[in-house]
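Note that chain A is present in both complexes that follow, paired respectively with chain B and with chain C.
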Partner chain A sequence: MAIQVKEREHQDVETEQLMSGCEAIAEAIRLADVDVMAAYPIRPYDGVMQAAAKLIANGKMDVEYIVADGEHSQFEIVKHACAVGSRVFVGSSGVGWFYAFEAIAVTAGLRLPVVAICGNRALDDPGAFGTEHNDSLAVRDLGWLLPWAETAQEAMDLALMAWRVGEDKRVSLPVAIGLDGAFLTHSQQIVMVPTQAAVNKFLPKFDLGDRLLHPDNPITIAPQVDQDWLMEIRMQNDQAMRKAHDVITEAHADFKKLFGRGGDNPFLDEYMTDDAEFVFFGQGTLALPMKVAIRRLRKEGHKVGLVRLKWFRPFPTQEIVKSLSRFKAVGVIDRDYSFGSPYYGGVLYNEVRSALYSLDKRPTIVGFIAGLGGREIEQPMATDIFEKTKAAAGSIKSGDMTHWIGVRS
Partner chain B sequence: MAVETHGTGTLPQIKGVKDVPYDELFVSGHRTCQGCESALVMRHMVKASGPRTIVLGSTGCMYVANTTYYTTPWVVPWMHTQLGASGSAALGTAAGLKVLMRKGKIKDEKINVIAFCGDGGGADMGLGAISATLTHKDYNCLVLLYDNESYANTDIQLSSQTPYGAVTTFSPSGSKKRLMHTRWKKNVPGMLAAGHPESRYIAAGCAAYAVDLMNKIRKALELGGPTFVHTLDPCPKGWDYHPQYSQELGHLAVECGIWPLYEVMDGVCNLTGPTRQIAEGRKKRKPVYEYLKRQGRFAHFADEDVEHFQHEVDKMWTEWLIPGVIPFTVPAKDQTILKIDKKPLHEQKTA
Partner chain C sequence: MSDPKETSITVEVVYRGIFQKTLAQRICRSIVLAARKRGHTGTAFARYGDSPERNGVPAKQFAVVAINDLELEASMAKYEPAVVDVSIAVDDTLVKGVESWAWYGRQPIWKPVKKDGFVLVTSDKSPDDVLAQTDTAERPYSLVVVPGGASFAGLWVFKDDHTDYRVLGALAKIAPDWVRLDDVMALIKEQTKDESAVQSARYGYDAAKMRQVKAGEGTSGHEKLQFTKPGWTTMRTGIVVDARKPGERNPQYKKYTARTLRPVVNFDTCIKCTMCWLDCPDECFEVTPEGHYEVVYQACIGCGICAQVCPVKDCIVMVDELRFEDNEDKWQFWKKDRDGYNKWFEAKSGVSADPKVRTPAARQEGSGNANPSANPTSASGGDD
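Entry: the complex of A and B
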């Protein structure tokens, strides 16, 4: 993607830097002129807070930086700072994310556009530092927008998008960017950092309008509504999530115009799918080993590609229908689990199958659970996934199962 | 609407009842019980702070019963916060206002930030966040804990502020166990004062002493930084007495020495109201029985229970370093603590 950028006229406004996913997010915080952020340590997300602390200590940005006494406080602090009109940032990982769960739920209920990262990490117990998406996915029903990044560049770009989309009055919902722990949070890559002037063109100032909590606007926020009004309010959240789809599309188009990045589709990133018969489907950094596998498998003559999901919420149903209905079989790779779910599949598997249910012509959709706890998806595993996907093609029903990949017996 | 303004952050001490601001910023129409002292605390709180105030309300009676959609009593801006989040709500709001004013995004002016919580939200679940907030000395905010000594909104369950032996729905008195609840009330303002030396103002008050309470709230807001006020609020439903006696029970709690009124301002402890008179020997403490017998929650008490209660309150007055505040004694035989060399280090002689 970096090569693409150099060809564009705004190339002179960007600088090329080597940085980790966490450092890229910290740069986005600086560029977005964030007002309040709250930190609490847990690996791997906290790399962002460490990088941001350095930027503050060195006078590179002016942010109210609060070290909280726990994740619940962290998320409550930014929620309330947001209510008085501050642009805010927060984040966590794994069980830390769960410790904040109450605050996470009410932030969406309040329609406050808090931007967070979830440095995806396996939940305790037993302990593991590596990637697993169950932390982010636990909030999937609550009204948080959930994009997932593949690279440090995309992490930065999605962060800038997050404030723009979340703070848009048509949406006004919080956003949690998924960053695979270690693979993305702590791996350094080349990142094009835009200038402040360019970001200012893309990202308007945060304005809560008549929802601002201030003595000049003495409103009561979130009184007890009971059964009398709750359903109407829930439906407003639903409508906001529906509108988010178009707002993301708009923001994506503007972003591409200004910075030349992001690809053709705001929601899906396709790799070698033009003539593909079989595709892998997943999100986050698993795209990297799967792309390596695709190039290898193609040398052997297999027509295989990858569809990577960039926004899990709002779930881009129409885009997925349009994309996946072209293939014979889809191998959905979940870096998560959903114990006891239909066909014991992962979260993505069942969401994708649900999206495609009413199609006359459906691909076979097979479920795979792989790479939990930060386990690498190695090439023999990728081959195994491909062979099982290919074997299931032709019979819709043969997708009614979930394979655990690379598990010792 | 005509409301009294106090200029930019000038909240003078109220000299008497006639000096209390006339305008109401917490109005009628809410749904708290008859005789609810916590609602009175809310009213006094915003009367004292004035209209340039943002109030954050933690879950509890003063949310569920008090702030219902279409019947909100708040004239000032108000926002709900979670049960354990009053400290964080105060901090986040204060931090947001501060940075927006510094960056010129909103007008630079004094805005009071008050977050309130009940005893469940403050003394149990939210204590950690309040403690953290009291260490962030760069932010101006007040946490007010209205203590009606139980989770009164959820059906009167015991909290760490429920007095020894009291009946609650989690501590009924039965045929096998007369007392289900045998923990002594957690000393919250004392602990917070002792543990947060940079907080400029921590106080214990009671709505039965309204002017004293309003002045404490004003001092807290005027001194700035993170501050804390704890009020004891008689609760007809939870304590089981007729609503007309709320004020009397507030008086009795103080007069019996159970709830000392005090403030710790810039590191100096000052007893106030009848508590000061008791300490100076100008007023005699009433026996706790006077207080206990007026409430159904102690109706099951045997003589020995009353004696134990009296004994513990006596200890507070006879053995504590400061009654109601510091629960340590300095042993008579070893006065080392009181004889500590308080000269600065460079003036001290080497041993």
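Entry: the complex of A and C
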């Protein structure tokens, strides 16, 4: 599957544009030659709707654009379109994502490689447009691949990766890219837009093979199976998720060869970790204020860095073990909550602790919940996180707690 | 009364969907409640994967009685006990085998019954006649026949015909360590305040006819249907299964064990009107080269709709399933030997093949049970 290309042969023909994360996704929809997309407005996903509609109206993109009567129909439309061989795109946010939940569950069960974005937004009630990761994370156990982007550029790159990985026959699973509402979806940044020729090299045509629902290929999809078959079907999904790890690695290598982006590690983005004793760990746009804090703290003599998670599912357990076991203490910053969970921690905190449990030498892992509902992570909060992480180092047990950061009492 | 030698007893009730679901539930519950009177404990449950709202489908319910809660635990959290002490079939046509769901295959009625266990059947026929349609025994068991036809007591409205009481009485005869006749009668008295119901239990106890069945006895005429379920490496991806090609019938699910009656066709009086072919909900009719419609008995569930919609009197007749040994389509028989076929038709159905001859009165008796498509529960009746 590896692609033979000269190093960065397309760098001269990329175009530089100023665009939001939503517009970057719309560009990816155009470049991937998506057949069917379904839309229903909810902020921040509606930014993609509008950007895609504009590309169509301006004659730059040809896609069957279906406005549904609600999110459930929206996700059902693309699921069915995918089953008949269409490359598809869909997305939603917050409670809209939850309204589609039944369709979201069956899409993964059916192994249909729908590509979605979840424009991360706090769940109602109360109403809040800002980012929180609980909407995406609610599907974490269902068989969706879940990458998270930091920048508009990465949003576009991950979208192109999503069709490549999801549609790979070894995987054949849906992908939902997490995009932080406002900070990523609605903020414009400089984005390098690749050429169609380069994308065509990276992204083969979608081919469902003998699973294509077509009159010439009579099949029945998803009959009632009861306990007689179900466990074998779940096992198939488990195996597909395991294979996704290697397929992502492969696709990442090809992507880097073609476009020169993506870093050395497909799953983790490390910042100033070479000599670090303490690291922050998180996903999405919170990496940006934390990198600012790291540069500031380093000036004060602290050996601190950042490990940003790029793929939450499949969870890169071995990569995380290899990376985090080097440090004295890790401050896991969750932009989510998991009420009543172990040590009342966030989702990432407990996943990371579970991954490191059997290590002989493991860092202290401290939990932080910050930035909920799109609250900005300000520098004093970053300092607070650092000081609490540093103070906990040396005793594994001192990580058995979760700190809420930047919350009024 | 002696204490039981075993620590528990498992009873299954094999019944037909819709019409007998409430009956099966009442029998299983009453077994536990009667056993409770002498201090045993128990559980009653339906096989969860069954879809007992499907017309005539063979389904199962179970009662397990144990000497205490600890012994009962081994029988809990199960869909279906692998081994039973007693299998009760509340419709004698069930002895031709049970195919409950796709990929289960057709299973002999005695399949889960342990060595020297009991198969208890409600039937108006003799034990020998019932045995003649039961699969060849692999191990010895006792066949017990409780007098009475297949009960169509109903699902939502239960029109009690005392089948449950007769069965409970017969069970008290074969498993007295677990269910005593006195306890059964006391329970029925409490539940119904009806002395005739109590006496039905005693009648079941007295009238049950028992016949020892040795390994090797029974018929080898029924088709064997067994399937190996695929594993995760051999299944297709994405919950995909091959669809049936046009004209192809499902090889993993035949459905014919749902039948209590089967339609038999008088091809000489058929006017080729297509009504049976159009209205059959299971698409069982194949059109012959001459435009007749023959029943594919491999697929027919015996719902009787064809006989109802047929505009020609006695052209399609519903006949007791136990009168037939095979599932062969019959049009070729008629084509080769009309007189022979018509004699066969008359012998099976009790109806003259000659439309000029009035149907003899014997037909009502000869055709066995009421037409199941005329749901007896739709009439007003006692509510359970």
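Rule of thumb we're sticking to: the second predicted complex is superposed on the first by the 400 of 409 C-alpha atoms of A that agree within 3 Å, B and C clash if a C-alpha of one lies under 4 Å from a C-alpha of the other, contacts with A are read in each partner's own complex, and residues count from 1 in each chain.
By definition in this document, a residue touches a chain if its C-beta (ideal position, glycine included) is under 8 Å from a C-beta of that chain, and two chains touch if they have at least 3 such contacts.
None of the values given here were measured: they were computed from a predicted structure.
S.K.: First (chain B), second (chain C), both or neither: which does A:S358 touch?
M.R.: So A:S358 meets neither chain B nor chain C here.
S.K.: Given the touch rule stated above, what does A:S172 touch, chain B (first), chain C (second), both, or neither?
M.R.: second
S.K.: Is A:N58 touching the first partner chain B, the second partner chain C, both, or neither of them?
M.R.: In the superposed model, A:N58 contacts neither chain B nor chain C.
S.K.: Given the superposition on chain A, which partner contacts more residues in chain A: chain B or chain C?
M.R.: B
S.K.: In the overlaid three-chain picture, which partner chain does A:V36 touch, first (chain B) or second (chain C), both, or neither?
M.R.: Only chain B is touched by A:V36; chain C is not.
S.K.: Regarding the shared-chain residue A:A222, is it in contact with chain B (first), chain C (second), both, or neither?
M.R.: Both partners.
S.K.: Considering only the touch criterion stated at the top, classify A:M235 as touching first (chain B), second (chain C), both, or neither.
M.R.: Second partner only, chain C.
S.K.: With both complexes overlaid on chain A, does A:L112 touch chain B (first), chain C (second), both or neither?
M.R.: In the superposition, A:L112 touches chain C alone.
S.K.: Which chain A residues are contacted by chain C in one complex and by chain B in the other?
M.R.: Residues common to the chain A contacts of chain C and of chain B are 218-223, 225-226, 228-229, listed in rising order.
S.K.: Which positions of chain C touch chain A when the two form their complex?
M.R.: Within the complex, chain C touches chain A at residues 49, 79, 101, 103, 229-232, 235-245.
S.K.: In the complex formed with chain B, which residues of chain A make contact?
M.R.: Against chain B, chain A makes touches at 33, 35-36, 38, 62-64, 66, 68-70, 72-73, 76-86, 88, 102-103, 106, 205, 213-215, 217-226, 228-229.
S.K.: Which residues of chain B touch chain A once you look at their complex with the stated criterion?
M.R.: Those in contact with chain A are residues 51-54, 56, 63-64, 67-69, 72, 74-82, 84-85, 87-93, 95-100, 102-103, 105-106, 111, 128-129, 131-132, 136.
S.K.: Going by the contact rule at the top, pick out the chain A residues touching chain C in the complex.
M.R.: By the definition above, chain A touches chain C via 109-112, 172, 210-211, 218-223, 225-229, 232-233, 235-236, 239.
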